[in-house]
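Next up: the structures, one after another.
Both of the next two complexes hold chain A, though its partner changes from chain B to chain C.
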Partner chain A sequence: MRKEDFEFVDSSLKQDKEQIRTSLTYWKDAWRRLKQNRLALVGLIAIILITLIAIFGPLFTAHTYREQDNDKINTTPALDIYQIDDGLFVYVSRQYRLFIVSEDGVLGDLLVNTETNVNLRYKTYEYNGEEITLDYSYKFSDDPEYKDIDFTFTYKDVETFEKHKTVLNKTYPFGTDQLGRDVMTRVFYGARISLTVALVATLVNLFIGVAYGAISGLEGGKVDNTMMRIVDIINSIPLLLYVILLMVMIDNRGLWTIIITLGSVYWVGMARLVRGQVLSLKNQEFVLAARMLGVSKGKTITKHLIPNALGPIIVSMTMMIPTAVFTESFLSFIGLGISAPTASWGTLANDALGGLELFPYQLFFPSLAIAITMLAFNFLGDGLRTALDPRLRKG
Partner chain B sequence: MKNYYVGRITSAIFTLFLIATITFFMMHAIPGGPFTRERQLPPEIEQAMLERYHLDDPLLVQYKDYMLGLLTFDMGPSFRERGRMVNDLIALKFPTSAKIGLIAVLCILALAIPLGIISALKQNRPIDYLVMFSATLGVTIPSFVIATVFAYIFAVRLGWVPALGLTSWKSYIGPVIALSGYSLSFVTRLTRSSMLEVLRQDYIRTARANGIPEWKVLFKHALKNALIPVVTYVGPMIAAIITGSFVVEKIFDLNGLGVYFVTAVEKRDYTMIMGTTVTYAAIYVVMVLLVDVAYSFIDPRIRLGKKRED
Partner chain C sequence: MNNGKIPLLQVVNLKKHFVSGSRLSGKQVLTAVDGISFEIYRGETFGLVGESGCGKTTAGRTICRLYNPTDGQLIFDNIDITNMSEKELKPIRRRMQMIFQDPYASLNTRMTITDIIAEGIDTHKLLTGIERENRIYELLEVVGLKREHASRYPHEFSGGQRQRIGIARSLAVNPDLIICDEPISALDVSIQAQIVNMLEDLQKEFGLTYLFIAHDLSMVRHISDRIGVMYLGKLVEVSDCDELYTNPLHPYTQSLLSSIPIPNPRENSKKKRIILEGDITSPINPKPGCRFAPRCRYAQDICRQVTPELRELGEGHTVACHLVEEIKKGFNHESD
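And now, the complex of A and B:
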């Protein structure tokens, strides 16, 4: 090996090999890891969208959540339309109400029913002085020849039995309910109520839980013992029973009743979590330093302890919101929640039960809304849990 | 060890007492009484009714009487179902709820724990994704949606199962699915995450390094510790499930305890509210107690009187 085989490396190259990485704070690192988790991002985006829809959605729909149109009850999201004359289309609802409808699905007027014959199963309607006859007996016929025919229409002596096409309902994209209210507006509006309840109840829980847990953890000793005993007892009480009793006791089925009820009951888990965090933090140097410098207990909690325990608190909060949505919809479903005409997703689902056989879409949309919200929060919560877990933090 | 159980039992009894007390006073704070009707009763009759059921006594006296009755397991007469005792009514309704509930609990335990373990062992493989996907879906759909959709599709549309009541074995399918859906998914997720957590720990690596067969590592060393959070959740869950769910019983028209509690609250049937609550609370407290006993088997430190830190 000769000396010429070696040469000096230029000093600039040396520097190039040096590893330079900007230091990442806890939150930056968490955000970096959250961004890598695609499901969590989908959840986050979905939550932002749902929130925007809840705030602005009802403003942009053509109807209001309480506006009733007694003509247009129970119209479906998809309309089977029949062409009975040149450029004249009709839609018949499942309760044999006949509507004029445009070819692209804009719902027009309800036609006046002039005669109903239950035995022969036909109905006549009046349109511009002419008579339209709707024969719905084919549905009840066993004859295989008529198996594909639902209805026939007779207008100006011409019989129409072939469906023209199926179009989406342009006037009411999600259809209407049994009082002729727009289901889409109501689902959007329900998002407002359901999310408000969930969010405020969670904040109340958060406030009580964090304060309780922090005081208990920081004080320690007898105070801690007593406070945790109380938590143990509350924890061993079946809470749903109390939610039901409280709802009946306050007897005012408003938004605030349900918020207070949910907010006052479910803080126990949060209190335990915060206490555990505080216990592990309070003997660390920075807390001792703060205490020694004479920082008051309240300030120690708000300025030093809680900011350091924020990760698990946020995770637990993201998991609390969907639980609150669930509980709220359950209460509304059993008739103890929000009262009419205000609507949450639970009340919408409950209202839809009566007509489920004929109008399943009325249950479908609010249920879908609940499921999407739950899914989004679950994804985000799972993502946050991994992103904020210090054990998984690398470098 | 003896002290541990004595302490637990004492606190269980105390909790039960507390629940009965809170319910009693909350219930009397609800506006309206059992004899408040749309149509006003003549004052003499109302007075006679109140006297008959001792409702004109001071509240504290009523409380004392009720609690003394409770000590001998006598929950008094129902205020709204004339001539029937609360004990009998509960004995009538509870078996329906318990039957469906127990089947649901067995389904949950038999499915959720194995699925969770498989999912944890095959982490990030297709089967894990499949299990987690269905489990996530399960916790997002409310039971009332599962129940109504099931009833609509299988009973109304297809006619495969009876729509209402419990007439054949087929009619159990719907209620059991609706009852177990959420918990099944939740327990699966819980088992998976706690199993993963345990498998990462040093003592598992040590066990493997010592050449202990893999099945023994999994079932003897890992599973035992991984089940602690599952047991914590399952105890109260059993109590909640076997005492019936209002939603499920309402939709499938079952004559169980879940529906009865809500109707009792609506009708202000005081003794019946107390009866259902105390029954539920008693089962709940017993389950929590059993969970504690289970802990002491899983984690010997607890038996030795050391405090469990969670």
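And now, the complex of A and C:
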């Protein structure tokens, strides 16, 4: 090899190429992995949508959550409409109330009932001075010939029995409840209450649980023993029973009562989790190094232990939110939650119970909301668990 | 070596026992460190060697009060630190630092290099603002890293680089004594030499005193001025480095030294290795007598009944063995 074969490298090439590269932090790395998990992304988007609906939804609906329209009670989300005259459409509610309705489903006025004959099963209504007779006897007929006929209308001596079509309720997309309140607005508003309760209760759990668990784990010995026995005692009481007792004890039933109740009980799981994490971390060399440098216990917890246990904490928190939503709904459902006229998903479901056979949609929408929320949080929680798993990360 | 004869650290009959089990299942006492005594003089390097599980790391951690000693006395620069509270210890902690074994576990992965190195500076409120920043750059350069590394995270570094960061962290508070807990055993051989050389340079530059814990005998020989050999929680031999390697007295030290490979295959195959029989005895609830007796080829009744104390044989050479004199005769005879 000759000397001429070599040439001097330009000094700029010798510089460390790594300098240009931005560093991939723990969170960037976790986000990169979360993005690859489609289910978790769906969950995340669903949560964002639900949150947006909870915040802004009630502002954009035509009704408020407490506004009642005593005429339009129990109207369904889908309307069977009948054409009894040119451009004259009517809708019969399940209680044989007759409404004027537009062809595309905008609900008009309730017609004035002039005569009701229960024995012969007909009702008469007045419309613009003319009489409309609604005969619902076919509905009860056993004759298979009339199987398809529900109602017959007589208006200006013309009899109509054929359903024109089924349209979506434009005025009340999710229908109305037994007090004539818009179910959609109430479900949106319920999202506010349910999510607020869940979020605040989870945050309260987070702070109590993390502080308690971290102190217990780091102190160790007798302190740890005592603190954990207290947790055991709280944990040995059936939590739901305890919550119900607390809710009964605290008279003033409102948003804050349920938050306090949930927050005061559900932290034990978080405390255990954090204690376990701290126990495994506290003998790691970086924590010993901090002790060698004379770092105080409080600083060790906030700077070393909690940041390193954040993955499991976040996962547990995401899983705790649906549990809190569920518990809140359950408590409201059994009548211990939010009081009227405020609505949470649980109270909505409870309200719907009375008319369940006739108006199942009143139960369907809040239940669907609960189910979607729980699923979304569980998907996200699972995704986060994988994304934040330290074993999947190198170095 | 012992010039001036000012002990910076005196360890007197230090014991660390771990109690496990409950009253019901019967208490078990693990005697990790069972009465070790030695001094470390200012500016020297004291090597502590022994096989895995003999209590070297526990000894190191007890000396710097990461563990509370069960018994004995620790005197650091004429201050008794044995029973000091964490609060009283804080100023001592600044003067006594530690370099850890596992460079992957010893750095908090959620902190930047700046925050890791500056932790001691911040805790002891040594420097602030621009001075603090400059000090970090200076430390990075001292340990052979670059300024640009300051804002990075630990996972972006190799094992050797991480160990350098750990060293910079312990240097940040200007310590007198650094306890090196197997600082090189997790590194590649080529990196080991770099780190050891750097530690030697730093010692000269900053007048540091090292307690060097290791099981790599050739590396310990290279860096240490004096060496203590541990077996199952006890010191069996303490001596000057060269003396120990040329004239090992305790049978355990002899077998330990015979395991050092010679980097010449022909010579190595000729070499006689003393292979120890049996396993290391359990440190749980130990019986009286010499700890090494069950594996010692010279062991006699006295060894199984009486615990040998460290005896001084020659200048600065102490051994804990009843049979030193007889073995020495035999050993010399053997080598003749």
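Going forward, the second predicted complex is superposed on the first by the 364 of 395 C-alpha atoms of A that agree within 3 Å, B and C clash if a C-alpha of one lies under 4 Å from a C-alpha of the other, contacts with A are read in each partner's own complex, and residues count from 1 in each chain.
Rule of thumb we're sticking to: a contact is a pair of C-beta atoms (placed from the backbone, for glycine too) under 8 Å apart; a residue touches a chain by one contact, two chains touch by 3 or more.
Treat the numbers as computed from the prediction; the structure is a model and nothing was measured.
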Task: Name the contact category of A:168: first (chain B only), second (chain C only), both, or neither.
output: neither
Message: According to the stated criteria, A:286 is in contact with first (chain B), second (chain C), both, or neither; which is it?
response: second
- prompt: Among the partners chain B and chain C, which is in contact with a greater number of residues of chain A?
  reply: B
Message: Touch test for A:295: chain B only (first), chain C only (second), both, or neither?
response: second
Message: With both complexes superposed on chain A, which partner does A:374 reach: first (chain B), second (chain C), both or neither?
response: first
Message: Tell me the contact category for A:303 with respect to chain B and chain C: first, second, both or neither.
response: second
- request: Tell me which partner A:25 touches in the superposition: chain B (first), chain C (second), both or neither.
  value: second
Statement: Within the complex, chain A is touched by chain C residues 61, 64, 66, 89-90, 93-94, 96-98, 100-102, 104-111, 119-120, 123-124, 146, 148, 151-156, 166, 169-170, 173
- request: Show which residues of chain A lie in contact with chain C when the two form their complex.
  value: 16, 18-19, 23, 25-26, 284-286, 288-296, 299, 303-304, 307-308, 310, 393-395
Query: In the complex of these two chains, what residues of chain A are touching chain B?
result: 232-233, 236-238, 240-242, 244-246, 248-249, 251, 272, 276, 322, 326, 329-330, 333-334, 349-350, 353, 356-357, 360, 363, 367, 370-372, 374-375, 378-379
Contacting residues of chain B [partner chain A, same complex]: 11-12, 14-15, 18-19, 22-23, 26-27, 29-31, 136-137, 139-142, 144-145, 148-149, 152, 156, 236, 239-240, 246-247, 250, 261-262, 265-266, 273, 277, 280-281, 284-285, 288, 309-310
